[in-house]
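Questions regarding the structure given below will be posed in turn.
Going in written order, the chains are labelled A, B, C and D, and every chain counts its residues from 1.
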Amino acid sequence: MISASSFGGLEFLVAGPAVGAALLPLLRDSRRVTQAAIGLASAVLAVSIWMWVDVVSADGAYVWQSNASWIAALDVHWRLGVDDLSAPLVVLTALLTWCCLVALLKRAPDCGGTSALVGLILVIEAGSIGTFVALDLVLFFVLFEVVLIPMWFVIAAWGDPHDEPGRRRAASRFLVVTVTGSALMLVAFLLLRSELGTFDLAALTERARVIESDRQILIAVLLMVGFGAKIPMWPLHFWLPDAHSKAPTVGSVLLAGVLLKLGTYGLLRFWYDVVPVGALEVAPYLGALGVVGIVYGALACLAQPDLKRLIAYSSVGHMGFVALAISTMTPQGLAAANFANVAHGVITALLFFVVGAVKDRVGDSGFGVIGRGLYARSPHLAAVLAVAAVASLGLPGLAGFWGEMLTMLAAYSPHPDLPQTTYLVFMVLAGLGVVLTTVYFVVAVRKVCQGVPASDAVTDVEADEWVAWLPLVALTVLLGLAPMVMLWSADVVAALPVTP
Amino acid sequence: MPLLFPLVLSALLFGIGTYVVMARRHAVLVLMGVELMLNAVNLNLVAFDAWWHDALDSGQVLALFVIAIAAAEIGLGLAIVLLVFRTHQHINVDAMRELADRDGGQRADQEASKHTDRGAGSSPDRVAVTPP
Amino acid sequence: MTLGIVLLPVIGAVVAMLAGHRRERIAPLAGVVTTAASLGAALVIGFGHWGDAAASALGPYEISTGGTPILVGLRVDQLSASMLVLATAVALLVQVYSVSYLRGDPRYPTYTALVCLFTAAMSLVVVSDDLFVLLVGWEVMGVCSYFLISHHWELEPAREGAVKAFVMTRLGDIGFLFGIFVIGEAAGTYQISGVITAAEAGSITSGEATISTLLLLCGVVGKSAQFPLHSWLPDAMPGPTPISALIHAATMVAAGVYLVARLLPVYVLSDVAMAVLSGIAVITMLGSALMALAADDLKRVLAWSTVSQLAYMFAALSLAGYGAAILHLLSHGAFKALLFLAAGSVIHAVGTQRLGQMGGLRAALPITFTTMTIGFAALAGVPPLVGFFSKDAVLGVAYEQAMHGEYAVRGWLVLVAGLLGAALTAAYSTRAWLLVFLGPRRGSTAEPSDGADNGRIVAAEPHESPWLMLGPLVLLAIPCLVGSWAVLRPGFLGIEADPLHLPVALISLGLALGAIAATVFAWWQLGAADPAVRLGKFRQVLAGEFHYDALVERVILRPSRFSALAVAANESSIVEPYVQGADTATQWSARLLRWLHDGNLQRYVTTVVLGAVALAVVIGLAQ
Amino acid sequence: MTLVEVLFLLLGAMALGSAVLVAVSANLVHCALWLVVTLGALAGCYLLLAAEFVAWVQVLIYLGAVVVLLLFALMLTRAPTGAVPDLTSSNRFLAAFTAAAASGLLIVSFAAGFGGTRIEIGSGDIGSAGALGSTLFGAWVLGFEVLSVLLLAALIGAIVLSRRQERD
């Protein structure tokens, strides 16, 4: 097999969008900029799929790698590599960016500045993909941070046009919480460095057992809280509903589909590979917070008068599932977390696209403003909304189910060193959360889609929107019917150094 | 000669120079303070050069450089002083508070007033050292 | 072939969805053709398994999960083959019937697509050899029923009923999912045949079996609307009537029975689960029959009767009466589909579902009358019809167990309850039949009554439905009439049950005839009024359905609503102030520090020099 | 105590005294003149330290050019020639303390580092213009050139700053 790294594929995935972000806005016409960006995003998507295929056929090994010295004095390198854990997330990022750009093509924001927005989206893409493929702690941290600022701009500048102080507040809140989280993460990284003397992830994985367990626990806790702010883990979730409800549609999509994944990916990567012993001690707390998030998010959704906030809170619940899956510390939990990650990215992105479309059409996302009977006022829009809602509530046969099912299954038989009964309780509470999720989505569909139609018509889904949404719909169905697309590596993952 | 003689002298001169910079109101006096500090440094350089017998005369050469830089500095400083005088009608250092951290609105007001009546000396806490 | 049964309706659904809105004819055509093809395939498979052919399997394909792998595979044996035939046949008839019933409905393509999907899901449940794939079909059915029940989503009862149905079944399904976990981990596989082999080989302990079967029972109880998750089924009646036929006769509710029958080898390992099943069956059987007696809505009567009849099947299963249960399932599938479709025809004619507004329709609807009479008679257990024999098979199992089986106590319980139930069944069937077809015509005030399924205004004079609707009725009446011939053949479907248990048969027949006579007498005495009046005050309790919904409201819904509000309040008035507080505190501390930055450059310089000196001193002292 | 040392101490005392007067005098022009005295005394110190060329440069540039510029500045800003009462700001006590602390710190560290070290003034031509010129244009030529660019930049900067802006 041709080694793709010789073509610089991995470098392209990271540098391509970054260079594009720097150069494309130089084109004068904002429409041309968007078109060119779509071309670039398509190339990135194609390369990322090629990469995934390569990873699959190599059984999840690091087939695509690259390494170059960066700061020699600190032994910091541009170490990039992709394995079965990061490959799907890279593809997801590339896909969602593509969808966002397509959605922007005909629907430039009213406040203008499309070129800048496109550039920022490309920066976010570069940073996110970079974070997923970085194998060096410093590089990981830098790229992790690179994503934050553009998102802050996206929310603060292109957010809800009716509520400027609100969107600024939401943006700052997002920034402050996540930056605080990454500060804790940085402390954990520095502790790792002082323990093992390297920033290289592979080397860290090899030497992880050397760290004594007290230190491991400390690092695991720092990582949990640090990434937890990003995930967001209850009770650090408070920035999410605000950020989502004020962000523009593309911002919400990227926030839910990509940025939240950075947190869970980091937790998966470092807990399982680097500090497994410490993580085992902390895992039950993560599981408990995850379960609280599931139930709490669902209850918050039940009393939510705003569709966009509702979906934001539902994200809290879904990410609670991912946290619970991670906390089981088993290969199954790893597979579940990875699957739930991707599924949530696809489904919630779709939901935000649809709700964003509704909001753009009627001006607000409150139930009262949207009015009833969307099934009659714009059938296709309502149908996509209903399908996405059904997928999000975890219907078997659609993408949402397998992640949640595997999570509960993993909680049924967690790592032998973990308290089994506690996890049984977690599983039951998660099940309760699933029922509550069903309730609030059904109630939301009832409030928005059904009922005697309000008089004002709502423009139905248009061609460009179909183009942006259909890949997500298709992926939702595909992942639901053929979960092996994502689960092929579950047994390979079992070889990870999970068992201390 | 004990090395300490010039060193102590330079230390004291430096102290006096800093005092002048920190405590005197008139901008030209502040410039004088700076000159004092520079000279203290020069004295040090020359003294160490005499002590070390450097083949390259680095101490003395650097002293020359410092003198040249001091000349440049005084030229620029003077230009700034004149500019300040032109805009504020005084060169009272501690009455120039444009760098103060105020709320956005206030600062904007100040900017505005500065633009509207430039040269009228709008600073509220302006004190004595103004020409008769 | 097996895969085809599942996939064909899916194709139909896709075609109907994509093209149905453009061309009016495509949707019905796609629905009928693909379902017919599916039925054809089911028949071919069914004949293959008619005798005692071994199971045929497809797959398994392995999906790794990091733990016990999921083995996706299809497997058809006699049970699933007969279920396939039943499900696809009823689905086909429903499709044909709907063409006329929903003619001109703009939502027809969606409707057809959902029915197709529903059929596919049911087929998947039946042929799947893996518990998770079964769950996929199981829940897809649930969501299809949700969309179909809310077909008339402008109407409050339709929305309400759909939500209730979906949420209640899903509540049970969570238990079901956990049951799968327990059983799968205990047996070391999620493959159904593997689980059964493990159960028969004794590698599942009784404790594991008890927990897993009880959990699975949650899902079954939810899907088959047994106590305590029974109340969604009658509320699902605002859906279009053909859908009620599909859900009640052959698919969704039958899936629960099918599952217990399929996993019976595991159930028999656990006495507790079997006892619980018996208890649920007995309570549901009598309770829902009583409610059917007082309901004033034709479809609601039929719905309660479905619940009650399903309880018979569970009662049989709880006594390990596999054959009897399947027999009753099949015969019930036939006559209940007939009854619902006929009820649709009646509703189509008079535009209401209220029994109080029907009456005297015998002359106006001759064919509907004849076929529905056959259906009611089969339900009531009148001898030559299939219902009598299948019910007798169930009672016979109870009798055998009561007399000389290992479950004597429960055998007696089921026997007594079953006999009482037979009498009640006969009574409510007769009551409904009398109120619909005989007596004077009562006010067909053409107001679209609440819950009437499409609220369409009908012509003042009721008239017979078109043949597209009557055809399915006639076709369904045939198995009700001649099915008994098949049932009486020993070895039908590999069931070794004795065809007839004379003592029980005589008692139940006597009770049924007595109940019919009593009902007719009461009706006659009251001057063709509702015989339920004779129930006195009890009627209110029954019509209020034992106030079960109020109880659920008070015990479950209100607390959850309250906690939702509490969480929302927590977000806005506890979390939010803290977040805001952090903001404000930062601002104030910043303001405190700001006086240092007063713009006096000399003070800045002083600070810098002082700092440098202090640093030097500190470092000097430190060394 | 040699003659050189005695002379150095005298010149030093003179420099210090006039520097103190620069710091406290209430008359701006007096301040400038006292500065001349300080700088002149320092030039004498340089001579005593065998830095002959530096001493003459000091006299030429500092006493000549710089002080003249300062006086010009005073005139151009219409500084009063008489005594001004509040020439020292309220920051003076803190400033005095800081200055004292800085001097103290320097003296203490000098004393600790170079206590007892003596300067041996070597043979005559160390600080002569010839010797210094050859090193300046030999080893230090790059620095010298850079400095010339700096002076040019300062020149341009001063012109830009002092030009009246016609535009507004």
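Quick note on the criterion: contacts are C-beta pairs under 8 Å (C-beta built on N, C-alpha and C of every residue); 3 or more make two chains touch, one makes a residue touch a chain.
Since we're looking at a predicted model, the values are computed, not measured.
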Centroid-based (C-alpha) most distant chain relative to chain B:
C
Central chain of the complex, centres being mean CA coordinates
A
Interface ranked first by C-beta contact pairs
B-D
Centroid from C-alpha atoms only, then distance chain A to chain D, rounded to Å. What do you get?
65
Whole-Å gap between the CA centroids of chain A and chain C:
36
Roughly how many whole angstrom separate the Cα centroids of chain A and chain B?
56
Based only on mean CA positions, could you tell me how far chain B sits from chain D in angstrom?
12
Quick one: which residues in chain D touch 2 or more of the other chains?
89, 91, 94-95, 98-99, 102
Where chain C touches two or more other chains at once, the residues are 600, 602-603, 606, 609
Mind pulling the residue numbers of chain B that touch at least two other chains?
18, 22-23, 93-94
Going by the touch rule set out above, what shape does the chain contact graph take here: line, ring, star, complete or other?
other
Interchain contacts (touch definition) - all pairs:
A-C, B-C, B-D, C-D
Using the touch definition up top, name the residues of chain B that touch chain C in the complex.
18, 21-23, 30, 93-94, 96-101
Flag every residue of chain C that touches chain B in the complex, lowest number first.
594, 597-603, 605-606, 609
Contact set on chain C toward chain A in their complex:
61, 63-67, 69, 132, 135-140, 143, 146-147, 150, 153-154, 159, 162-163, 166-167, 170-171, 174-175, 177-178, 181-182, 185, 560-561, 563-568, 571, 575-576, 579
Complex interface listing, chain B residues touching chain D:
1-20, 22-29, 31-33, 35-36, 39, 42-43, 46-47, 49-51, 53, 56-57, 60-61, 63-65, 67-76, 78-83, 85-86, 91, 93-94, 127-129, 131-132
List the residues on chain D that touch chain C in their complex, please.
89, 91, 94-95, 98-99, 101-102, 105, 109
